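For reference, chains read A, B, C and D in written order, and residue numbers begin at 1 within each chain.
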Amino acid sequence: MGKQNINTIGVMTSGGDAPGMNAALRAVVRASIYNGLNCKGIRLGYQGLIEDNIFSMGPRSVSNIINRGGTILKTARSKEFTTKEGRKKAYENLKKNGIDALVVIGGDGSFTGAKIFSEEHDVKVIGIPGTIDNDIFGTDFTIGYDTALNTVINAIDKIRDTAQSHNRVFFVEVMGRDAGFIALNSGIACGAQDILIPERKDKIEEMFDSMERGRKTGKLSSIIVVAEGEELGGVYDLAKFTKIKYPDYDIRVTVLGHIQRGGDPSCADRVLASRLGIAAVEGLLQGKTRVMAGVRSNKIVFTPIEEAIQKHNEIDQELIKVSDILAR
Amino acid sequence: MGKQNINTIGVMTSGGDAPGMNAALRAVVRASIYNGLNCKGIRLGYQGLIEDNIFSMGPRSVSNIINRGGTILKTARSKEFTTKEGRKKAYENLKKNGIDALVVIGGDGSFTGAKIFSEEHDVKVIGIPGTIDNDIFGTDFTIGYDTALNTVINAIDKIRDTAQSHNRVFFVEVMGRDAGFIALNSGIACGAQDILIPERKDKIEEMFDSMERGRKTGKLSSIIVVAEGEELGGVYDLAKFTKIKYPDYDIRVTVLGHIQRGGDPSCADRVLASRLGIAAVEGLLQGKTRVMAGVRSNKIVFTPIEEAIQKHNEIDQELIKVSDILAR
Amino acid sequence: MGKQNINTIGVMTSGGDAPGMNAALRAVVRASIYNGLNCKGIRLGYQGLIEDNIFSMGPRSVSNIINRGGTILKTARSKEFTTKEGRKKAYENLKKNGIDALVVIGGDGSFTGAKIFSEEHDVKVIGIPGTIDNDIFGTDFTIGYDTALNTVINAIDKIRDTAQSHNRVFFVEVMGRDAGFIALNSGIACGAQDILIPERKDKIEEMFDSMERGRKTGKLSSIIVVAEGEELGGVYDLAKFTKIKYPDYDIRVTVLGHIQRGGDPSCADRVLASRLGIAAVEGLLQGKTRVMAGVRSNKIVFTPIEEAIQKHNEIDQELIKVSDILAR
Amino acid sequence: MGKQNINTIGVMTSGGDAPGMNAALRAVVRASIYNGLNCKGIRLGYQGLIEDNIFSMGPRSVSNIINRGGTILKTARSKEFTTKEGRKKAYENLKKNGIDALVVIGGDGSFTGAKIFSEEHDVKVIGIPGTIDNDIFGTDFTIGYDTALNTVINAIDKIRDTAQSHNRVFFVEVMGRDAGFIALNSGIACGAQDILIPERKDKIEEMFDSMERGRKTGKLSSIIVVAEGEELGGVYDLAKFTKIKYPDYDIRVTVLGHIQRGGDPSCADRVLASRLGIAAVEGLLQGKTRVMAGVRSNKIVFTPIEEAIQKHNEIDQELIKVSDILAR
């Protein structure tokens, strides 16, 4: 029996998948082994816990996954786990498999589940933030966010080729229902003429102003990046309004969609995931529970999982100013 | 004055842009210089000819563009050129600029314009097939097609990461309004469960059969690739019908859109474009006109531009069988 | 028992690995199943056959490999197989595993082994050309070649960024000990100032001439692509001689090395591999043996394996001219 | 005349090029214009200043460069600038062009030049850290570092394909003569069996221990990442020693070389460069001089340029432990 009475760690990925989840899983497995513990993988998130979809993992079971997108444990959303009965089944399977502590790699929905489960059944649990949206409090970056940014800019770079060739205006919708991190950073990185995000209550007139400013300096084509959660009515409506205002513009719309969730993880995401996977195991061994492992100012920090769920990272006002200054 | 009384060649890109157009342009310019001719670039296609948007090009004006998507000459569709008056203006600018022969890099719409213009004003003209759709008769491959295929499979590879992580069914719409080349080849390359193309009058039942066949062998996620021109009602309707038939499937739709037109050209497209650009200039010097330069069985061939417009490459039946055999 | 008394097909990858080998393997497995046959995988090439490293493959055992570089069957060179005793052991394992026919995915070394083995023990065998070098007679393209070309040009595009920023001359060595296909095509695609290949007996003076020609038109940086098999003394000597001739040049050398063998296969390679894998199985069922499946003018063809070994694809003289014309 | 008596800002890139330098340049130009200043570009670093290779830049002169590697201003090392006479010439050209303050994008060599120049001639100067090596004190990240990391891991991922296919051991040399940041992070991200960096005085026995540990858990192939500045004798010697110790290992060496300097900048690098470019201009307007703009804990900070030159970022010991734990 290891320190803190932990002998076996269970690990799952839950909620939406994100590039780097496999790297985090690998780190959890290898850090467990390094610390003399057993590690068991739980497939398909909480639903797999309920259905006893659980298996032992050794060092080689996570070979050659650090560079793969998605998650080899798969992920799912589980209605049953939102019920008391479901969580009871999950707990019984935890005991049956000798799992003493749980590492949950996912987003805030998954952490809410972890928190309730942990309180109800006194299960030790640590969360690892895995989501492309970067909208989790307690860490400067979530796993998958950096990769998604690079996927988005590579896509917009391609769109820019065709925008320039035709002197077109492109509205590009990127992910981020509640948070504009992807839109703001990718928009700056692609030289967007304007960036519409939920955190900034733009008026459509400001977008038109920006477009006219660009036009005056000789800009012939432009890209407007729109977060899916912005509130002016969606990317197609924006295009429509713009066409009414500027009938001579050649306007196109592209919704990037699910390509943003996949792809080989970037170096930053692989390293972040590796660090957080180890930190989660070491946190459990130090007696931590109901916390999330994160990175702030490049240091590992643990945040109460409740706080991680309730609070939100705020958009950096400096970046908004950067985007304004550069859209000339 | 060069052979065939050609002293100055004009070159334009026209219609939809395609990766590799810059490489073709570079080859036209350098082959002109190599043969002791002048070369003039015409911006924005036929519209630029009408508006006298024409400039001299030397060897350095095409430096460092071979690896760039889009077209530095830009492209446009011109309503005015569809009128007799417009073409007259275009012809006058041709004369004014001393252009003796025209190279048009574009698709069949652009070739139709070239043909009429050439007949009306006795202008020497050669076409180079530049379009991602590969739907032009007289060449095994069009410039941009290979790049678009790689862009599509890279996108679907990313989608596959998330499809697998969630055991999902994805309907992915790719370009190809009249031709299923992109869908068929990318579908095979991504291991699609089914591929819906305009050339094959599928019944939706066959798609369901294929999905059930995959399921029986244990397939948990799958990708259906759909050409935008298929005739079952569009990718969203397909998803809807499938959801009705299989309510337990977790179904998602992605429309790849304009990212397919951009991006750095692949090696094959750069080499193809380089060859065709040279061939066009040499064809003109050999007295050819109203033809399209293409590659068949890896040899340069010239096809009457009329034939290139009217006939169509047929989908290879072997490939359709390949897709059926592999979707197990 | 199937047609031609074939019930079970064995498949291996042999020699150097190439991107697309997995796609070919997948096609062999699924085409076998489609035709009612069993399929067994042999690990580590002929050595695995000798060591009975053989296992049954079903449709799911090749899931999600079509997009992966390398080979899940692994590959090796086997000294033992070059001996009569080794081949006898191999044959016994073939019989023991009920394998009636063999598909060998590899290069000419592997095909030579297959030929001898087949003659000695009357084993049915079909080869599939898998090598990045494109140096196998009987097919227009080998599996892996197109991917390697794209890997090479992406690397050289990066080198070009730094070459231009510093006004430097770069000598870049690419693979191709006996054949200049990679060098010639990637050199054209990257706008190389000169391309040195084994097939062309360049004199170093011609290289200097080309460099001076570029300089005269204002070229400040340049790339010289060198096939590893060229005969002027290797990339480092070339750089040294150039430095002696032009002491003011800022010269750098890069050897691309093994990155050229890996990477996710391109669309063209995945489709080619899929076609050839199916063709090999169907060829065996039609009674073919001691042949290689290839593609010529986009049609499946079978070439006697002896011919595939002895003859060689010749470098296209048109391409050499293309490279000369464009290096202005 | 603007605030702080600054009317015109001069900007140059100096030393080794790095991806993101163009994005920084674009930000300097546009931030100058935003603040009502003029901006002049200086080509080829200090040498261009000496040779009066200086031109005015407007908002469109930096269009469509944010996504390009290298530097459109080009860069060079200048012997003349190391002399008093050279710097006097440079100063005269500065005055002649009406440049009131200088932004130098480069590494510590360039900053040393800036410091001496600034002291000698009372020139206002701010540095922006642009180098892939991440070895500059006063910023958490240098411009180009994140891109280089992704370039390295993409290359090693390819090498891994072939390493696995052959059960090989690969020694991969990456850049970083004085600093192991690239090696350590890319090594973690690629699951390297061992990572040799200048900061850690490894003994070769420890490397052998690590290799044996991996072997015992069933690892058949492995990657050893080596920083070019490590002190065991270079990557070729390491391979040789290893071959002596383990004659049965199939060992290969790859030196990644100059591909690490090029390529389209990553999202993180484009955003970092954009922020620092603006910060440099605003810093000058606030009266700052002889400082470097950097980012620490995601906030803009200014560090005396002397400190930036003399001090060094230290390798994070946590990361070294991460690499040890994960190499199982």
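Everything below uses one rule, namely that a residue touches a chain if its C-beta (ideal position, glycine included) is under 8 Å from a C-beta of that chain, and two chains touch if they have at least 3 such contacts.
Since the structure is predicted, the reported quantities are computational estimates derived from the model, not experimental observations.
Chemist: Count the smallest number of chain-to-chain hops linking subunit A with subunit C, moving only between touching chains.
Modeler: Contact-graph shortest path, subunit A to subunit C, evaluates to 2.
Chemist: Averaging only over C-alpha atoms, locate the centres of subunit C and subunit D and give their separation in whole Å.
Modeler: Computed from C-alpha means, the inter-chain centre distance equals 36 Å.
Chemist: Take the average of all CA coordinates in subunit A, do the same for subunit D, and state the distance between these two points in whole angstrom.
Modeler: Taking the mean C-alpha position of each chain, the two centres sit 28 Å apart.
Chemist: Could you state the distance in Å from the CA-based centre of subunit B to that of subunit D?
Modeler: A distance of 39 Å separates the two centres.
Chemist: For subunit B, jot down the residues that touch at least 2 other chains.
Modeler: If we look for residues of subunit B contacting two or more partner chains, we find 157, 160, 164.
Chemist: Please categorise the chain-chain contact pattern as a line, ring, star, complete graph or other.
Modeler: It is a ring, because the chains touch in a row that closes back on itself.
Chemist: Show which residues of subunit C lie in contact with subunit B when the two form their complex.
Modeler: Touch list, subunit C to subunit B: 23, 26-27, 30-31, 33-34, 58-60, 63-64, 66-67, 140, 146, 149-150, 152-154, 157, 160, 164, 185-186, 188-191, 217-219, 264, 266-268, 270-271, 274-275, 278, 296-298, 300, 316, 318-319, 321-322, 325-326, 328.
Chemist: Report the residues of subunit C in contact with subunit D in the complex, numbered from low to high.
Modeler: 13, 16-17, 19, 21, 44, 68-71, 74-76, 151, 155, 157-162, 164-167, 170, 252-259, 261-263
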